[in-house]
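Paired with chain B in one complex and with chain C in the other, chain A is shared by the two complexes that follow.
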Partner chain A sequence: MFSNVQPRQAAAQLLNFGLILSTAFMMWKGLSVITDSPSPIVVVLSGSMEPAFQRGDLLFLTNRNILQETDVGEIVVYNVKDKDIPIVHRIVRKFGSGAGAKFLTKGDNNVADDTELFPPGKAFLDRTDMIGSVVGYIPFVGYVTIMLSEHPWLKTVMLAIMGLVVVLQRE
Partner chain B sequence: MAVSQEKITLYNLADLKNTSDDAIPNYLNSLGFKQSHHLTDVRLGLGYTALALAGACFLWDYKLGFENTKYYTAAAVLLYSVLNGLLTVWIMFVEKGVIYTGTSKSGDTVKIATSTKKNVPQYNLTITTTSKSGKSETIAVSRPFTEWFDAAGHFVALPFQTMLATSIPAVGRLDPQRAQAGQDEKMAAYTPEMLAALVQENSSVARATAETSTTGADTGKKTKQRRKA
Partner chain C sequence: MYSSLVRLQNTFGFFTTVAFVVAAIIAASDLLAPRAPVVNTLEANNVQVATGRPHYYSNKKEEYASIRFTLDADLSSLFTWNTKQLFVYVTAEWPAAGSENATNQAVIWDTIITSPSADHLMNVGPATMKKLRKSAEGKSIDPSRGKISLKNQRPKYQITHPSGKLAEIDDVVLKLHYNVQPWVGALTWNQENLDVGLWKRLKGGVSEKFAFPAIKKKKEGGEKAKV
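Up next, the complex of A and B:
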C-alpha cells in the first residue's frame, strides 16, 4: 500500500482526509454565523428540564431576535462565567426591555429558580449571557456525545478508525 | 516479464483501477513522455488553500472566542464554500477523471481519462491525443481487467502496455515492439518469443497460486494449534 507512493498522490490522500474534517468544521461555523450563536447545537446533560427535555436530547438554537425580543416562556441556553457547561432553562421573569432587559430563569423540574446558579453578586441574567433560544430538538440523538465525554477513550478509538479508513481507501 | 510483487484483491474494483492508473505514468514516462502535473497541482492548490483557511479560522476562534471574530468567521465560511465549489467544478468538469497528461518528444500531447462502472470489471479509457499542429483526436477503449491481472492478483505489465501501445497511435510509434506484438496477437499467430513469455507467465501464476495455497495451509495449521492451546 505505502510502497512507491508518489508525493502528489500522498498529498492528495492527506487532502481528502483534511477536507472531511475542515468541511465539517466550516459547516458548524457557518451555522454559528447564521444563528449568531457560538454553539448553535447543544446536548441536554441534566434532567432539570424534564418532562420537556431528557438527557441526551439535541437542541437547535438561534441567537437572533428577528421577529420579537426574547421573552418569558422561552427556553434559553446560557453560559455562566467560570463554568464551561451551558445551562438549558426556561425564562420565568423579565424586567425591562431591549438590550438592558434582565432575566430570571428556572428549570421546569427544579424546585427553586436559578439565582443559586448565578455567580456571586449577580441576581439575574443579561441578554448577552445567553447563547440562544431553543427552536427545535431531536430526542436522544445527543446521547452519543454524552457517552463520548463520559468515556474519553471512545473518542480516540473513533478518530483512529475514521483516520485509518480514509487513509487506506482511495475511492 | 514484469509481474508486480504486490498482490491486490481481484474483487476490489477500486484496487484494480488504481493499480492500472498507477501503471500508466510509469510506462509512458519510460517512453520519453514528459508528464504534466498541471491538473493535480491546481487541485492540490485549491484544496490546501481551503484547508489552511479552515485551520486559521479554527485558530482565531479558539484563541479569541466567537464574539470577537464572528465577521472574520463569516468571511472565512463564505470564502471556504467558494473554494470548495471551485474544487468540485475543477474535479467534475476540468479533470473529468484524467489521470495522465504527457507530451512526447515528437510533440504529441496525450491525455488519458479512466473510469469504471460499479460492479463491471471493465477499464474504460478515454484518450485524447493532440498533435503538434493542434489536431485533436479522441479514442475510447474499454477492456476487461482480466487481460492484465493474473488469477493471483498480480499486475502483469506486458499485456497492459501492449493494450496501450496498440490503442494509442502516439504511444505505438514510440514502442513499435509492443504495438507489433498486439497486431500478432490479433492474428492469433504467436511468435516463439511470445509463447515462451506466455509459458513463463503461466508458470509464475501457477507458482503464485501454489504459494497462496501453502500459506493457506499454514494458517490452517496455526488455527488448529491455537484451538488446541
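Up next, the complex of A and C:
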C-alpha cells in the first residue's frame, strides 16, 4: 500500500497534517487573546463545585472586566504557586477594590474556605492569581482529556490512529 | 472512497454537529423564559461583634461579626427546563476605608437549590436525599423550591476583615444575590439595576443600613466561636 506513495503526495499529506495542528493551535491562542486568559477553556478535575460542576465538564472563561470588576459570587479559576492544577472555586469574600483587592474563595461543595490551599503566609488571593472567571458551561465533553491524562497510553494510540488516518486518506 | 472508516467519521461528525446545535438551542431558550425575582423582606436581626478565633485556621485573635437575618424571597421564576441549580447567597457589604468606591463584601449565608432533575447530584446524606426526592416526585421542574422564607436565620459564615477590626462600622447592608447554573450554556447572575429582555432586575434584595456594634464581652465571644 505504501509502495505507490509518491514523494510529492507524502509531502502534501505531511503539510496537511501540520495545517490541522496549527489551525487548532491558532484557534486556542486566538481565544486566549480575546478572553485575555492563558487558558480560556478548562476541564473540571474535582468535585468541589458539585452539584454544579462535575469532573469532566467544560468551562469557558473570560479574564476581562469589561462591565464590572471581578466580584463576590463569581466562579474563578486560579493557580497557586508550586501547584500545577488550576482550582475552580467561588469568590466568597472581597476586601477593597481595584488592583489591591483581596479575595477569598470556597468550593460550593466544601465545608471550609480555601485558606488551607494557599501557600503558607498567603491568606488571600489577588486578582493576578486568577486566570479567568466562568461564563459558560458544557457538560461532560472534557472527560476525554481526563481519560487521556489518567491513561497515558491512550495518547499514543490516538496519535497513531490520527497519523494512520492522514496517511491512508489520500483524497 | 466510501470505506467503513469514512462512514464512521461522517457519522461521528454528524452526531457532534447535531449535539452542539441542540445544546445551543437549549442554551438560547433561556432568553425566552421570563424572570421576575422578588425579595419581599431582607433585614438584619441580631448583629454581634466579638473577639476570638472564628476559623479553625485562625492564628491570632481577631474581631468577627455574626449577623442573624430574616429573608423572604420568591425566586421561582428562575427555574426552567435548563436550570440545573440555583445558588443563592446573602452578602454583607460595607465601605472600605480610604477610598470612596471601594467596598468590602463577604458571604454570610448561601444555599444550593437544585432542580428535581439534578437532585441525585446533591452531596447530602441518604435520609435528606430521600426527603428531597420525595418533595418533587414526578416533577422535573419545581418552581416552588424558589420560595425562600427564613426567620432570624443564623449565618453560615462569620465575617472577618484582614485588618482584624470590625467593631463600630456604619453603613453595612445585606444583599441577596443568585447565580443560575444551567445544564448547558451561560451562567447568569442577578441583575442589580438593569432589565435585560424578559429578565427583570432583582426587586428588593438590599436591606436597610445598619451598624456593627461595639465588641461584646470576651466570654460570650468564646462561646460563639464554637458554633
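As a convention for this text, the second predicted complex is superposed on the first by the 163 of 171 C-alpha atoms of A that agree within 3 Å, B and C clash if a C-alpha of one lies under 4 Å from a C-alpha of the other, contacts with A are read in each partner's own complex, and residues count from 1 in each chain.
In this section, a contact is a pair of C-beta atoms (placed from the backbone, for glycine too) under 8 Å apart; a residue touches a chain by one contact, two chains touch by 3 or more.
This structure is a prediction, so every number in the text was calculated from the model and none was measured.
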**OP:** Please determine whether it is chain B or chain C that touches the greater number of chain A residues.
**Re:** C
**OP:** With the two complexes superposed on chain A, say which partner A:Val92 touches: chain B (first), chain C (second), both, or neither.
**Re:** second
Original post:
Looking at the overlay, does A:Pro152 come into contact with chain B only (first), chain C only (second), both, or neither?
Top reply: neither
**OP:** Quick one: classify A:Pro7 as touching chain B (first), chain C (second), both or neither.
**Re:** neither
Original post:
After lining up the shared chain so the two structures overlap, which partner does A:Gln54 touch, if you call chain B first and chain C second: first, second, both or neither?
Top reply: second
Original post:
First (chain B), second (chain C), both or neither: which does A:Pro120 touch?
Top reply: neither
**OP:** In the overlay, answer first, second, both or neither for which of chain B and chain C A:Gly30 touches.
**Re:** first
**OP:** Mind working out whether A:Val72 is in touch with chain B, chain C, both or neither, as first, second, both or neither?
**Re:** second
Subject >> Shared chain A contacts, counted only where both chain B and chain C touch the same residue >> reply: 169, 171
Original post:
Which chain B residues qualify as touching chain A in the complex?
Top reply: 6, 14, 18, 22, 37, 40-41, 43-44, 47-48, 50-51, 54-55, 57-58, 61, 65-67, 70, 73-74, 76-77, 80-81, 84
**OP:** Could you pull out which chain A residues touch chain C in their complex?
**Re:** 47, 50-52, 54, 71-75, 90, 92-98, 101-102, 108-109, 112-113, 115-116, 123-124, 134-139, 165, 168-169, 171
**OP:** Show which residues of chain A lie in contact with chain B when the two form their complex.
**Re:** 3-4, 8, 11-12, 15, 18-19, 21-23, 25-26, 29-30, 32-33, 36, 38, 169-171
Subject >> List of chain C residues in touch with chain A within their complex >> reply: 1, 5-6, 9, 23, 55-57, 84-85, 87, 89, 91, 96, 99, 101-107, 110, 112, 114, 118, 121-123, 157, 161-162, 177, 179, 181-187, 189
